[in-house]
Structures are given as C-alpha cells and as structure tokens.
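Chain lettering (A, B and C) follows the sequence in which the chains are written, and residue indices restart at 1 in each chain.
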Amino acid sequence: MASRRHSHWRPHVVLAITSLLFLTPFVWMLSTSLKHESRIFPKPGKPPQWIPTTERLDDAGRRLVVYEGREGVETGRDERGRHLIEIQGETIAAWPEDFEVRQKVGLHWRNYPDAFRRIDFFRNLRNTLFICFTYVIGTVLSSSLVAYSFARIPWRGRNVMFVLVLSTMMLPYQVTLIPLFAVYSKLGWVGTFKPLVIPAFFGVPFYIFLLRQFFLGVPEDLSAAARIDGCNEFGIYWRIIVPLSKPALATTALFTFLFEWGDFLYPLVFLQDERQYTLALALQQFQSQHESAWGPLMAMSTVITIPIIILFFFTQRTFIQGITLTGLKG
Amino acid sequence: MRTYAKWLVVAVLVAAVYAVLWPRQAATPAEQEALAEGRTLIVYWDRHSGHEHEARRALIDEFNRSQDKVYVRAVPVGYNALMEKLLTSISGGAPPDICAIDGTIMAQLVGQGCFTPIEDFMARCPYLEQEDFFEYVWPMVAFDGHVWGIPTTTDTYCLLWNKNAFRKAGLDPERPPQTLDELEEYAARLTVRTQTGFEQIGFLPWQPWDLTHMWGLLFGGTWYDQVTGQMVCADDPALLRMLRWQRSFAIDPNSTTNAPYAMDPEKIMSFQKGFGDYMSANNQFYAGKLAMITEGEWQVTFIPKYAPELDWGVAPIPTPAGAEPRAYSSTCVMDCVPQGCRHPEAAWAFLEWFNSPRPGGTSPASDYNYAIHNIPTRPEEAAQQRFMADPKFKVFVEILMERETVSSPVTPAAQFMSDEIERQRERMVFRKTTPEQALRDIQRTVNDQLARVRKLLERSGP
Amino acid sequence: MSRADLRHLRNGLLFASPYIAGFLVFVLYPIAASLYYSLCQFNVINPPIWVGLENYQILFTQDPLFWKALYNTLFFTAFSVPLSLVFSLSLAILLNQKVRGMAAYRTVFFLPSIVPIVASAVLWLWVLNPESGLINGMLRQFLGVDGPGWIADEHWAKPSLVLMSLWSVGGAMVIFLAGLADVPQVLYEVADIDGAGRWTKFRHVTLPMLTPTILFNLIMGLINAFQYFTQVYVMTGGKGGPVDSTMFYALYLYRNSFYYLRMGYASAMAWLLFLVILAATVLLLATSKRWVHYHGE
C-alpha cells in the first residue's frame, strides 16, 4: 500500500545520513593511516583531506604547481628561499602559501610497516588476546552465576546485596587505585597478568546487573515447572536460564572483550615489563613528549580496530535472534 | 554421550588456544643471559616513549655491553598515567630502581620520602659536583639538605619570529623586537584580521601554553619567597604590570583606550581552537597563524623536520622596561633513585657511567641531550661544539650561560601553583577577575595548599 | 524463616559466593580505605593523618571550584542521559529488522565505541572547530550564520560535550538490541491477531518488555555520566577551560588525587559523589516497580 511504503523510507534516509556521520571517525582513522605526515592535518582554513594524496611530479621529477590560477612547474629556489616557478616561459618567485602543489591520489602504505616496526606487535597481540579471552570466560561464568542469584532465587537480603554490588561502581577509580595496588602488592601479583584477569572470575558488577535484568525476564513458570520436576537450582540455571539468555551473554562477552582490548590504565599500573605490554599500551610508543607519529599511530589503531569490527559484524546474529517460547510451556 | 563429546571438543579448543596464548617468560634472552652471568638486574623507568626513549635505550644498551656487573632493563612509561604508575608503585613497595622524572614532580614527592638521597654517591664521583652544573639547576635537585637526583636535561625559552610574516607586514625580517614596546608594536602590525576572526595573530603571551610564571619573573616580579616558603605575589607591582600587560591583549569592551594590538577574547579562543597538533606541520607557528611566539630550544630540531619551508629567526625574549635581562628555564629532567630501591649501588653504577665523560670523549648524558635536542645541564657540555654549531641553538645556550636564569620554585605544591596561576590568568583575560584579585587569590590558595601539605609532612615525621 | 526460605537463602548465597569472595578480597579493603582517607589528609606516600570531617568542611565552605564542578557534571548528566537513552533506543528499534544491510548499519553505529578515543578526539576537534570546522563551515555556507565557539566557548563547551556523548550510544544500542531480541514473538503474533498497528504494538508489547533494559541503560547511564572524565580530558586538555566551564567533577577529583597529591580531599569528593549517585540509583530502583515489567514475576 502506498502509505506503508511512504512511512518506510523516511527512517531509512535518516538512518543513512546518521550512519554517515558515525562512520566518519573510522574513515578518518583509515584515511590518516594512509597519509604522509605532512598531509594529516588540514592546512589552515582548508577542510581535512579525506582521500590521501601525494604530490604530482612531471617526468623530470619537478613538482606541478598552480599559481594564481595558472599551471606551472617548480624549478628551484632563489637565494631568499622563495620557490621558483616556471609558468608559460616566465619564472616567478613565490612563497609556499601563495601557490598550491597539484595532488594525485596516493596511499602512503609505508605507515603500516613503520608502525609494526615500532612495537613488538605479535607479542603485544598475544598478551592482549590472553587477557581478553581469560577475562571474557571469567566474566561470563561468574557474572551469570551471581546474576542468577539476584534474579531467580528469592532470598532474604538479596536486594540489599544487589544495591551493594551496584554501589561499587559508583566510586571513582582514582581513590581506590592506591589501596587496590597495595592489595595486589601484598598478594605478590604486581608485575604479572593476575590483577588483570583473576578478578573477572569473581563477578563484574556491570555484567551482574545486565544479566540480572535479562534473567528477570524469563517467565517464572519455567523455573517453577523445573523445580517440580526435581531439578536443582544449578540445573535450572544451566538448562533453562542460560540457553534462553544467549543475546545477553553474547553482549556480555563482546563488551568484556572490547573493554579489555582497549584498557590502558590497569595494564600500565600493574605490569612492569615492556614485553608484557598490551596493544593499548604499545600505542603509547607512537607518542613522544611533544609529538605523535600520527600516520603510524592511526595505522596501528586501524589494525587494532578492524578485528573488533569483524568480530562484531559476524556475531550480531546472537544479539538479534528472536526467542520463541513454544515447547516450554505447560 | 553427545553432550560430553561437545564439551570435550570445547575443552580441547580452549586448551589449544591457551597453549598459544599463555604468557611466556617475560625476560629477553639478553636479560636471561645477564642474570645467568650473575649480574644485578635493575629497572629504569623512562618517562619518555617514542624516539626519545629509543635514544635512551641505545645508551643503556651501550652500558650493558660495557661491563658485566649490572644489567639495566628500560621500561618506557610515557606521560599519560605516569603519576598513577609512579605513586602506586612507590607506595605499594614495588618501585623501579631508577626513574627519570621532571622537576615539578620531584618537588612534590621529595618531601614525602619518595627518593633516596644520593649526595654520598655523588661525593665519590669526580665529575658530579655542584659547580659542574648550571647554577639555577642545582636547587631543583638539592634541598632539605640532600641531593635527590642528577639533572640530565634542561630547557629555556626565546622569541621566535616568522621572517616571511615580517616581510609581508613591511618589517625588517632580520630585526626582531628589542623591547617589549616594540614587541607590542610589531604584534599590532602583524595581526591580520578577517571578517569573522583572524588569518594571523602577531603575538599572544599565553602561547604555546601558559607562561605567566615566566613572564612574571621576566618582569622582575617575585612569586615565591624561598626563605619563608610562602607565596608573596599579591600586590607585587611587577607582577601586576605583567598581568595587565597580558590582559591588554584582550579588548576591554568598557574601555575607550584599548591597545592597538588588543583583540576580542572570544575570537582569540576560537582562533586558538583551530591550531593544529603542536608537533605537526600545522603547529600554529609553522602554519603562520602566530607570527611571533615564545618557544623552547627543541624547536631548533623540530622546525626543520615539520616545516622545512619556514623562514624563521630566534632571539632572546625582549626584556620588559625596568627589569634585568633574565633567562627562564621551566624545569629540568632528572634521574633519581626511588625509596625502596633494592640495588642502590647498581643503580648508582649506571648513573655514574651515564653522567661521566667516556675516556677521551663525551658523556652519555650529553649524547642523550644531543639526540633529543635539549640543553645539557652542565655548562661545560652545553658549550660543546655540536651544541654551539647551530646558530639558532646557540642563541638558547648563550642566554643560559650569560644571563641570570630564573625558574620555577621548588615547592611541594608545584603543580597546584602552576595550575592555579594559569586558571587565574585565563579568568583575568576574560575579565572575570582583576589582576589584583587574581594575585591575591593565587597567593591565598597556594599558601593554603602549601600549609596543608607541610603540616601533613611534619606530622608524618622524618 | 521457613525451611524453603532457608534453602533459598543458602542457594542464593551459594550462587553469589564468587562475588562475595571477590568482594572481601579485592573490593572491601580499597573501599574502606578510601573512606578512611576521606577523613584524613593523605598525600599517597606518607601514612594518612586523621583530620575528621575537615575535608568535607573545606569542600562545602571554602572551595568554589567544587560547586562549579558539581554544576558542570549535573548539567551534563541532565542532558546527556535522557538524550542518549532516547537516541540509542530509537536506533535499536530502527535497526532491529531482519533486513539486509541492517548488519552493516548496526556495525556502523557501534563503530565509535570501538575506535580509539585519540582518533575520535582529533576528528571531533575538527568538527567543532569554530573557524574552519565542519559544523560552522556548513552553517556559514548554507545558512550564512556564524556558528558558536563550541568547545572554545565557555557557554558552548558543555553542550559540545553532550553532543559528543551521543556518539557513543553504540553500547546502549546493542544492549537494547539484545533486549528486543528477548521479546517473545508470540506476543507480537497475538497482537497481530488482535489487529494492532505498528505504533500500538510498540507501545503495548515492545516498550513494556523493554523496561528492564531501559532501567539498566538509565542507571548505567547515570553512573557513567556522573563520572564522565576521559573524553573531557582528551577534548579540553584536562585543565577545565575555558574558564572552568569543563571542570567536571571527576576531572577535578582526578587533579586533586594524582596531581596535587590531596588524596584525602579527593576521597572526600569521591564519597560525596558516591552518595549522590547512590541516592539517584536507589530512587530509580524504588520507583521502578511502577513502570518496569519483569515478565518472570
């Protein structure tokens, strides 16, 4: 029907435009990673370049320039440092801001091998993957157990306990970092990966909360029926709640992986050897006190980001799978 | 059975993944070999990362090869969370053996017993006496009766100007402003306005970052009394003059006598926001947005790298009328030995090597300075040919050698003071406070902070 | 308590035991320590010295920057949280269709959450640049007006940050998507049979079923907005300028803790913030019984 089609295109247009906006940081990152240093930041008064370019040269290797609307070739410099431009037979001396060098599309691939040379990429990758994997496993397992307790078992004091769990997220990290470090120091864990992975196995409040909300959404009759059938709590958890909560568990896994992949502070504070550094820490190597090697930095950032994008793209189905509850009723 | 098979597969997969990912021995082969040889392993935290760290590491490798008692492991810590890492480690009992930090951090932490005094070590070394260093540098590392670190690099500021901008404005490109009045005059002539803002601003006293402290000292004012340990800036006439001078760069809507170089503060802010990355071809000075700027000696290396086309000059900052010509150094970077270091002797072995001349040659410290384009902390080294060869770099070194050099005071509230001065200066430029009130507020808040910090230190005992 | 109650208590504690154990080992001491520090003067290295409520007193009576920071953060939270919630919900609903290309769209909207902050910041600085940036450039070109100073202007800096925060709705959007996936198809089918139109279905099936997720995103949004820090730091250099307009509470706290070494003072700030967030959360949770439908109960 005409009205239905009509009402469908508007959101799509809005979506398309908004998505273009959202694509920009990634496109900029990608584009910057392929630019030579001199072109990364927009020239004063000009917009940034989206497509990486290089200078156009003529057959003799001289730069092609445009001066006051006319095309010419740069032939050299004079004693005052001005550029000599030959246009239609005459030679003009000009300062850089008065002429433009013609550009052609050119990708500065060199940034990529350059980036890999600056850091110990594969070692950092391995460290990061180790931390991420372990953290994901620990979080999913422990947080779902604890969330089950808050959502599916009616015990006295669980609401208070739940608020306690939530409240631990309300204290800014700056004031707990020092005593936390002291705890790990006493345990002898400083300088190892332990502070970065072991706490995951004890429940992470954010995901406990998330999973609790989802677990609360499973109809109570399912649990009741299972209990009547003689199932114990763990059985209900394992056989009913978990299978029905795939989207929430998948979200938990994805977010945990994402967060650990990019986490900078905890690895910095608790690791003591460069060879243990994660990718996020290694990115620091591209920045010195006053300068950043933007080209290689963006190249490495792109390399680090792309796996996550691929991961997200292909695991989406787990988020949007619809749930049917037929067959479990009665 | 099927479920068991499934779980078996999962378990095998997980085991396989971990077989690949499980963290291996953290030490490098070189380090393992060193430990096998019975060397003492010490850890050096470098606040630099990137190429500055590479320069340091090259020298550390040389040290490791040159003897067989000590092995130094270099860890680049970077700036982003340096304080968090340093503080947690020292307070948590897991400090590095040597740490490179700068003066402001040192000043704040020394009172708390963060560092090991090294004057006894230094007494053993013929090349590290107080007289060997620039006079102004020594108070940054030696106070409360002890020496807390060895200064390795320092810096200073001069006036840089864009010769091409001068030409365009009809000024002699070889003649920088000699007095502050001339600086103002040039600033007015070099400011090019557009319909909405600016194409170029002649000069801004708070570029590339807030330098109010420096200007105050250059005007002949006194911020802090070293003897009483108190801020004394309120009502200091030189400081008032300096603040009014900075404020004069912003138009006062209620006044009929704005300076010719004064500009709309909102427009200035907007213009500043468009400045590119400090270290890139789009730095405000390289890109011609600021015709004159006060900058440090590192620009001598960075300009040829990022803006090879730039035609620029460097000269000492014009001295304000009625003040003595001075040089300003913001801080120095120093190597120090944190408290709780387990191998102070080994740490000292490295520090001694690093700061002493090699037989018949230069010291590694001066090599390091040359590599990262800072100024050595010892006049003898700063006078080396390689530093003096570049006429532009020479200007920086010369003012340090020839003039009385002033710098930030060493107090346990150094960071707070610097932030507070910047805040008040910004508020004053936007006419949210007056110069008199700004100075009074600075004095009051910083003294409060100092009192609090000192009281705490006192009660913590020696 | 009945035997069933006791059994439930035992089971409940058993399932929660990983958290309880972790709490006792990793969480309790740091939290208790920070509370203790808030009642002390503590410069991190030397042992804390007891001063009672002095830090709190100074905060309330002698520190105008404290109030400014609180105001800045409240302003930001008041705008960013509702806007983000509505935006992420709308996106999730729009993208919850099994249509080709939706997977790509979903990835695109999630992208800003993945791209390193350092890259996003540079880009946003260009977008918001008062002189030559995208927004002002377009305003000038198409509407002939001068745009505001955005992040450089004390009146526009916070709105700029609110705008930027809408960028990172990808996370909330994904959670909403997961929540939408949980809505039983059956209910939609029943509604169809009843002849309900799209809007009615949304209002009476989708929205009520989503309320647990809405509550989650709302509370987490609040908790994060009150502690908003990293993006502010990256976009403004962490000094709170111009003229303290971007001195957010967490930023001021951070400066006090690791820069000025007033860890006791910072801890007092932290606990005050904690109380505010806790109050807001408890309020939300208590009133949630009215509008949140858990179809398990």
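The working rule: contacts are C-beta pairs under 8 Å (C-beta built on N, C-alpha and C of every residue); 3 or more make two chains touch, one makes a residue touch a chain.
It should be emphasised that the depicted structure is a prediction, and the values quoted were computed from it without experimental measurement.
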| Of the chains shown, whose Cα mean is nearest the mean of all protein Cα atoms? | A
| Distance-maximising chain from chain B - centres being C-alpha averages | C
| query | What are the two chains with the top count of C-beta contact pairs? | reply | A-C
| said: I'd like the Å distance between the centres of chain A and chain C, where a centre is the mean of that chain's Cα atoms. | reply: 18
| CA centre of chain B versus CA centre of chain C: separation in Å? | 35
| query | Counting in whole Å, what is the centre-to-centre distance of chain A and chain B, each centre being its mean C-alpha position? | reply | 32
| field | Residues of chain C whose C-beta touches two or more other chains | value | 44, 122, 131-132, 258
| message | Going by the contact rule already set, what residues in chain A reach two or more other chains? | response | 42, 44-45, 177-178, 182
| query | Counting only residues that touch at least 2 other chains, which ones in chain B make the list? | reply | 84, 87, 91, 274, 277
| Sites on chain A touched by chain B in the complex | 37-38, 40-45, 81, 95-97, 126-127, 129-130, 133, 137, 177-178, 181-182, 184-185, 190-191, 193, 264-265, 268-269, 272-276, 284-294
| field | Footprint of chain B on chain C - complex, ascending | value | 41-47, 49, 122, 125, 128-133, 140, 146, 149-154, 239-244, 255, 258-262
| Sites on chain B touched by chain C in the complex | 83-84, 87, 90-91, 108-109, 112-114, 196-197, 266, 269-274, 277, 412-413, 415-416, 419, 422-423, 426-427, 430, 432, 449, 452-453, 455-457, 459-460
| message | Under the stated contact criterion, what part of chain C meets chain A in this complex? | response | 1, 5, 8-9, 11-16, 18-19, 21-23, 25-27, 29-31, 33-34, 37-38, 44, 94-96, 98, 103-116, 118-120, 122-123, 126-127, 131-132, 134, 137, 167, 171, 174-175, 177-186, 209, 212-213, 215-216, 219-220, 223, 226-227, 229, 250, 253-254, 257-258, 263, 266-267, 270-271, 273-274, 277-278, 281-282, 285, 294-297
| remark: Contacts from chain A onto chain C in the complex sit at residues 11, 15, 18-19, 22-26, 28-29, 32, 42, 44-48, 142, 145-146, 148-158, 161, 163, 165-172, 174-180, 182-183, 199, 201-203, 206, 208-210, 213-220, 223, 233, 237, 247-248, 250-251, 254-255, 258, 262, 283, 297-298, 301, 304-305, 308-309, 312-313, 316, 319-326
